[in-house]
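Here come two complexes built around chain A, the first alongside chain B, the second alongside chain C.
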Partner chain A sequence: MDKVVLKLDDLEVMANKEDTILQAALDHGIYIPHLCYHPDLKPFGGCRLCVVEIEGRGLTISCKAPVEEGIAVRTEGPEIDKMRRVAAELLIVNHYSECLQCARNTDCKLQDIAAYIGIEEGRLQRLKRTARDLPLDDSNPFFIRDPNKCVLCGICVRTCEEINGVGAIDFAFRGLDTRISTLKDKPIVESRCESCGECVVRCPVGALVPQNMRKPEREVKSICPYCGTGCGIYLGIRGDKIVSARGDRDSVVNKGQLCVKGRFSYDFVNHPDRLTTPLIKRNGVFVEATWDEALDLVTAKFKEAQEKYGPEALAGLSSARVTNEENYLFQKLLRSLGTNSIDCCARL
Partner chain B sequence: MPVRTVLLGQGTCCISAGAKQISAALREEIARLDLAGTVQVKHTGCRGFSQIDPVVIIEPEGLLYSEVKVDDAPEIARSLLPQGQPIERLFYRDPVTDRAIPHHRDITFYNKQQRTVLKNCGYIDPEEIDDYLAVGGYQALRKVLSEMTPEQVIEAVKRSGLRGLGGGGFPAGRKWEACRRVPGDEKYVVCNADEGDPGAFQDRSVLEGDPHSVVEGMIIAGYAVGATKGYVYVRAEYPLAVKRLGIAIAEARERGFLGENVLGNGFGFDIEIFQGAGAFVCGESTALTLSLEGARGMPKPLPRPRTTEVGLWGRPTLLNNVKTFANIRWIINKGAEWFASQGTEKSKGTAIFSLTGKITNCGLIEVPMGITLREIIFDIGGGVPGGRTFKAVQTGGPSGGVLPEGLLGTPIDFDSLTAAGSMMGSGGMVVVDEDTCMVDLARYFLDFTQKESCGQCSLCRLGSVQMLEILNAITEGNGRIEDIDLLIELGESVKIGSICGLGQSAPNPVLSTIRYFREEYESHILEKKCPARVCKGLISYIIVSDKCKACMICLRKCPVEAIKGGKKEVHVIDQDKCTRCGVCLSVCPERFGAVEIIPGREVKIHG
Partner chain C sequence: MTNTVDEIAGAGAILVTGINPTESQPVIGYRIRQAVRNGAKLIVADPRRIQLAEIADVHLQFKPGTDIALFNALAHVIIKEGLQDQEYIETRTQDFQHLKKMVEKYTPDYVAKITGVAAEKIITAARLFAQADSGSIFYAMGVTQHTCGTENVVALTNLSLLTGNLGKPHAGMYPLRGQNNVQGACDMGCLPNVLTGYQPVHSDRDTGTYWQRLKGAVSRQPSAVSREEAGADSSVIESIEFDEPISLNMSVSDTIRAKFSRAWGVELSDVPGRTIAEMFHYFPHRRSRIMYIMGENPVLTSPQAELVREALEDMDFVVVQDIFLNETAQYADVVLPAASFAEKDGTFINTERRVQLIRRAIKPRGDSKADWEIIQELANRFGLNWNYSSAEEIWDEVRELTPHYFGGMSYERLDAGGLQWPCTAIDHPGTPILHKSKFARGIGQFSTVEYRPLAADATDEDYPFILTTGRKLYHYHTRTMTGKSDGLNSLIKEERMEINPQDAEGLGLDAEDTVKVTSRRGSIKSKINLTDRVPPGLVCMSFHFAESPVNVLMNPAVCNMSVASGLKSCGVRIEKA
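Our next item is the complex of A and B:
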């Protein structure tokens, strides 16, 4: 890949020719405040916080400006600082700021910006919250939308469009009333949203948070058990219970993405109704049994059927939740028993 | 053959003043007097002098009848009989000299103008292509297709010095050249007719009065840049403009000026009308193209490719304003040098303004670039009516700046207006007098722009509202002196940080009024007085005791019973109860004139 050398605040850095100034800075550990930038998405340029000065050319937004050989970039300066401070203060004063009650506390981009800029109480007090209080949308069983915390970075909109191609949400209305809305401003559950939660993980603030979110105390790397795709996941654990799941960005299979099941449906693991042993129906009632008992019974029934009606009488229905390899072995097993009647629930 | 032509303006403004009914009545009377063979009644676009609408013009004499009413129709018809005489009482009267002026060519409002784009507005029937052809219409297109290469056309536009008249002022020729140079087998020409500024109606008047001039300009542009398809993005709120443009396009198609083989030359070009849904921000080029594509109109932040490179549906697109296209035929017909000989060194040609507000002659004017604000306001506009004093002029629509009397010598061109803290913008020009509060004026314009923010960038969305809140507080008497500096800080940040022209210019009315009328802000804040006696929270209604005749009228009409007094007892307003509704002032008999408004809320009882 072609490289270019540029100066970032007097520091000479080498960057990929295709990079933007913001990417190059972040890659080199140089923080430039930003809200609407996300590495998975096309740059938007709405939050205006990542503004920098290219010497001799003036101000530009670093999330859209490409790196160029020999340019000198300043990430701070009187004009930048003034504008950025005003932009950040306006966002903060209009944002519900009960940080301690927020699920995203300590993991919030707006907090990062506030810390970087250094918020002065006296300056904030000059400003007035102009945003209107809007109702919470908790119609979705998996996540909550709180428009009062939304900073209108548009990351959710672009995620829905660019990552999933669903397009359930977009900007709507004008001026102060601008908000992220579904078609006809209906609750999200009535939209075409597939509840994949990709927007929830990318939301830089607490506007999109999982329902009943509990912070894990540790994480365990695993493979999602739901289907044969084999998405890499990190399961968040508290005590001996799973409390969260997130995609593994390093997984070549899913590159961090998950679907609604993989992300939100881990409750079954600790559910009291979950089967932990095989059940055998005796006298019309299911009773717990050991695996040996269960497998012996299956073998006996298979043999009985084979002898009585021939091998074609057997059929196997596999699960979409097992891997391709397991499905392969399953059909091998069935064929060795003399039947080709094999199917899988995935095609339903 | 008709001996006489009666021209009747049928623009939206004329129709709202009753021009349709007048036309019907006039035609009826003319038929009744058996004059139909010698008198032709022609419907035209608006002639621009809105102040005296509806206007009837009799040609070839050039007589102008102003503020005509339906009841005048029989008399006008009789005046057209062979022995008929001009009707003196319908002549326009000069507001300064009160002299009756029979001929339109002698009216100052017209004869100080230099009409190029508006030349045919008010003279030709916009719904008749033959009328346009009779004044040299489509000759420029014929010339271009038969004698000129696309490069020569671009060269002519460049040499003319024409700059984009949508407000940006970007050199048109350079834009055309850039669009031509971008490789691509499919290009588009888009005409921006999304005129959204309150008080601006130039584009509407051109489309209603001379739509073919825009169509012709677009076809020539298509030929020059190599496009085969054109779109006119016009506001749905302009139904008459949409209708007349639609007729013009259909007529042009019928006569072979549009279609697969324009004038048999092998060049194909067609035009489609797209009606916008009324978002002000869609006048911005990238938002407009997104809107045309069916997406939400949101300006695209810089850095990004130019619309000439990546425009509509990702294709190279030439986007110009209605007036820019309407100028093209003149540049081709009369030559680039003729065009370049008008105006100033850097701003060539003419500028069109909607002259409104506290001005004697309100209307649409076209003037050479370089004319001063003073000439426009006092010569063409006739100054401020009612013996009031001129205070300021706001140019460039809601995002423009407010200029005080000291800057009336400023020549009108793109660069001088920007340097003075205002802009050419959409061509709105609102004159205000001593009775206008500058803080309230800034508040009014900002209220418009903040509502129209597309909301994507934080500074425009939140900053402009924050500024509006502060202005509200100041006009209500709750301002703090440090608010002025805060307004400047917010305004400058919004200017620097916003994505598009809407946000970048929204603070202009506030910043320019602070710059030139800071003392008015200070009066509101420190003295709790509105010097122009406008802001309700900072004025008082009083009854001047030696003028009050104790007639009891105001006392009875006051809705909150704030007026004390009785028969033969001078009335007094209880300032604590008074809601400043103004009823007392409106009911006090004019011959008494006892109720007055004074600045401030701390009132001593007079007398």
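Our next item is the complex of A and C:
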């Protein structure tokens, strides 16, 4: 990849030729406030927070400005600060904040920006929207949309369009009434939305949050147990329960992307209907048994039938859902007991 | 799959047929949509107007069961207009002339009459696919060796070969797997005729010819294509090293049996095993007396469920090992509680042949145990003396016995992100693209496959509709897992058979009516969904809901019938219930 050298606040940095100034800065650990930029998406240039100055040329939106050989960029300055402050305050005015109750608290881009620009607490209190006057949309069982917190960065819209090609949501209405909406402003569950949650993952504020979110205490890397795509996931664990899942961005298969099943559908693991003890059918009903009782019975019955009818009397069906190791041992056991009658339900 | 998920977004042209990826493999569906955004030409060949059809350049909405005629017509147009990759054909394939001769009669006009697809659309589709820099083909994986739909695969492979699309990036064949580890179950030898890595356990007719062909004795078996695509890439198998040279009076399978017998310390049988269909449906004299069912629900998934129920009832003893008491477990004498994927270590193999690690995140629920631990305890009760202490130890044994597939895949390497087989040595990078420099047999084989009108289970006066099956985004398989999610259940509560509004009107049905659907084998009830996603005459159901067990209706004997959706279909009658 071709490289260019530029100056960022007097620091000489090397960047990829295709990068924008914002990308180059973030790559070098230089923070420039930004809200509508997302590394997975095409730049939008909506929030104007990422404004910087190219020496000799004036102010520019860094998420849209490509790097160039030899340019010198200032990320700070009175004019920049003024412009950012106006943009940030406008966002905050329209943002219903009750940060402590917000699922995005401590993980919120708007908080980062307010802290960076240094908007004074009293002014913040006066500015902020205090009423939640727009209705929530909690029609989707997996996430809530709160237009009162939306900063109109358009990340969700672009995600739905660029990442998964669904296009369920868009900007609607004009001026102060602008909102993110589905076609005909219907609840999201009645739209084309496929509940993948990609927009929820990327929303920079608390306007899109998972339902009943609980932060995990630790994460374990694994693979989605549903379809054959084999998406990489991180399971979020709390105690001995799975409370969340997110896509593994390092997986070459899904690059962080997931569908509704892989992201939201782990209730089955902790479900009360899980079998927790061996069962033996006695007089037509299942009764609980110990492992020894159950396995002894299985062994005795297998032996009995094989003596009576020959080894071929035994047949096994293995599973497209258990591991390779288990499938391997399954056929090894049956073949060791003298039968090749092993198949898997690969048909459906 | 010959290529990777990652390459999809860069494809030049994409043909999707008999599969609905946006519902059944959604992330792959997203990638196909991304490819279209990036400029790929999309051709959807499906009787249903699946979602991808909405963004397709052409939708070839053919009559169910006529797909082979359609694919042959595409080949016809490509050859007639000289759009084939001549250099590729000359250097890498054989029997092009046979194909050329065979497809001669499949003119767009002739095939338009058979398929109901306008001749111009066929021509457009053929041009789009052949003129792109790279073309990939997505279709539903029937299954492995002994299965349905092989003929469609042959016809599709011809298209891929004609256009030089096998063995290069952003191209190739994408048979999509419905369940997370179908690939693994097959690769691990959970098939009656082969051991791990498709090493034949006995010399039945099928594997016999295959191996003889490998050794140069026989050639030109059309079924070879599906076998390769199922995983038995013979260039790989050819590289198996045997401890002892294969003697003339010892067949390959004898040698392999000897190798496994030695490794396992038991004598392996060379009596052919039964397929799942044979276990339940056919050959009553060979029917099994005891069944061990691990993690499957054949009562809902096997065609003609009634026979499966009867067979299970008739068995001397049935053991079911699962995480839930599913429909099949009701027929068990003993139920063994298994751990879920989150409660154990191990590996899965995805649809692109990538072996990936899963890790124990929580402990098994209650007294349940990992399937491998249960199997080991059973084995030891039979005096087999196994003592694996981890999944990794088992995997290392698989690697040792299957070096041509997994030799180089240590857990340590897999931990870094998975590897695609074949990966024969510890410094082998894995194989993202199959057939890159040469084919299994050195040369790509064109095979001829003619269109035959549906014989089995066609429609008639009594059964005027064609029923086909599909999957829904919000559910999976028989819902043993997704059915436990309140969220998913609230999104789709019940089965709703898709029916065209025109048909519904003809039958006097209202949107909220329940219908009785009757095939030559049984009937079930279902609610309906009025939608023009299905054309008049076709209805579609999923097999997700136990209340509407669609497989009760299906014909287990339709296997060599090529069916539109790649899934099974049959003639049905529909009445208001």
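Going forward, the second predicted complex is superposed on the first by the 262 of 348 C-alpha atoms of A that agree within 3 Å, B and C clash if a C-alpha of one lies under 4 Å from a C-alpha of the other, contacts with A are read in each partner's own complex, and residues count from 1 in each chain.
As a working rule, a residue touches a chain if its C-beta (ideal position, glycine included) is under 8 Å from a C-beta of that chain, and two chains touch if they have at least 3 such contacts.
What you see is a predicted model, and the numbers here were worked out from it, not measured in a lab.
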Quiz item: With the two structures laid over each other on chain A, which partner does A:R48 touch: chain B (first), chain C (second), both, or neither?
Solution: first
Quiz item: What is the contact status of A:S97 with respect to chain B (first) and chain C (second): first, second, both, or neither?
Solution: neither
Self-check item: Broader residue contact with chain A after superposition on the shared chain, chain B or chain C
Solution: C
Practice problem: Once the structures are superposed on A, label A:N148 by its partner contacts, choosing first (chain B), second (chain C), both or neither. | Solution: neither
Exercise. Kindly classify A:N16 by the partners it touches after superposition: chain B alone (first), chain C alone (second), both, or neither?
Key: neither
Practice problem: In the overlay, answer first, second, both or neither for which of chain B and chain C A:D170 touches. | Solution: first
Quiz item: Does the superposition put A:R126 against chain B (first), chain C (second), both, or neither?
Solution: first
Exercise. Could you tell me if A:I61 is touching chain B, chain C, both of them or neither one (first, second, both, neither)?
Key: first
Quiz item: Across the two complexes, what residues of chain A are contacted by chain B and by chain C?
Solution: none
Quiz prompt | Residues on chain A engaged by chain B in the complex (per definition of touch) | solution = 44-49, 51, 59-61, 64-66, 79, 82-84, 86-87, 90-91, 94, 126-128, 130-131, 151-152, 154, 170-179
Quiz item: Any idea which chain B residues touch chain A in the complex?
Solution: 279, 281, 296, 298, 300-304, 450-459, 461-463, 465-466, 469, 482, 486, 489-490, 492-494, 496-499
Quiz item: For chain A, which residues count as touching chain C in their complex?
Solution: 141-142, 162-166, 189, 194-196, 211, 220-232, 235, 237, 240-242, 250-255, 257-262, 264-271, 273-281, 286, 289, 291, 294-299, 301-303, 305-306, 308-309, 311-348
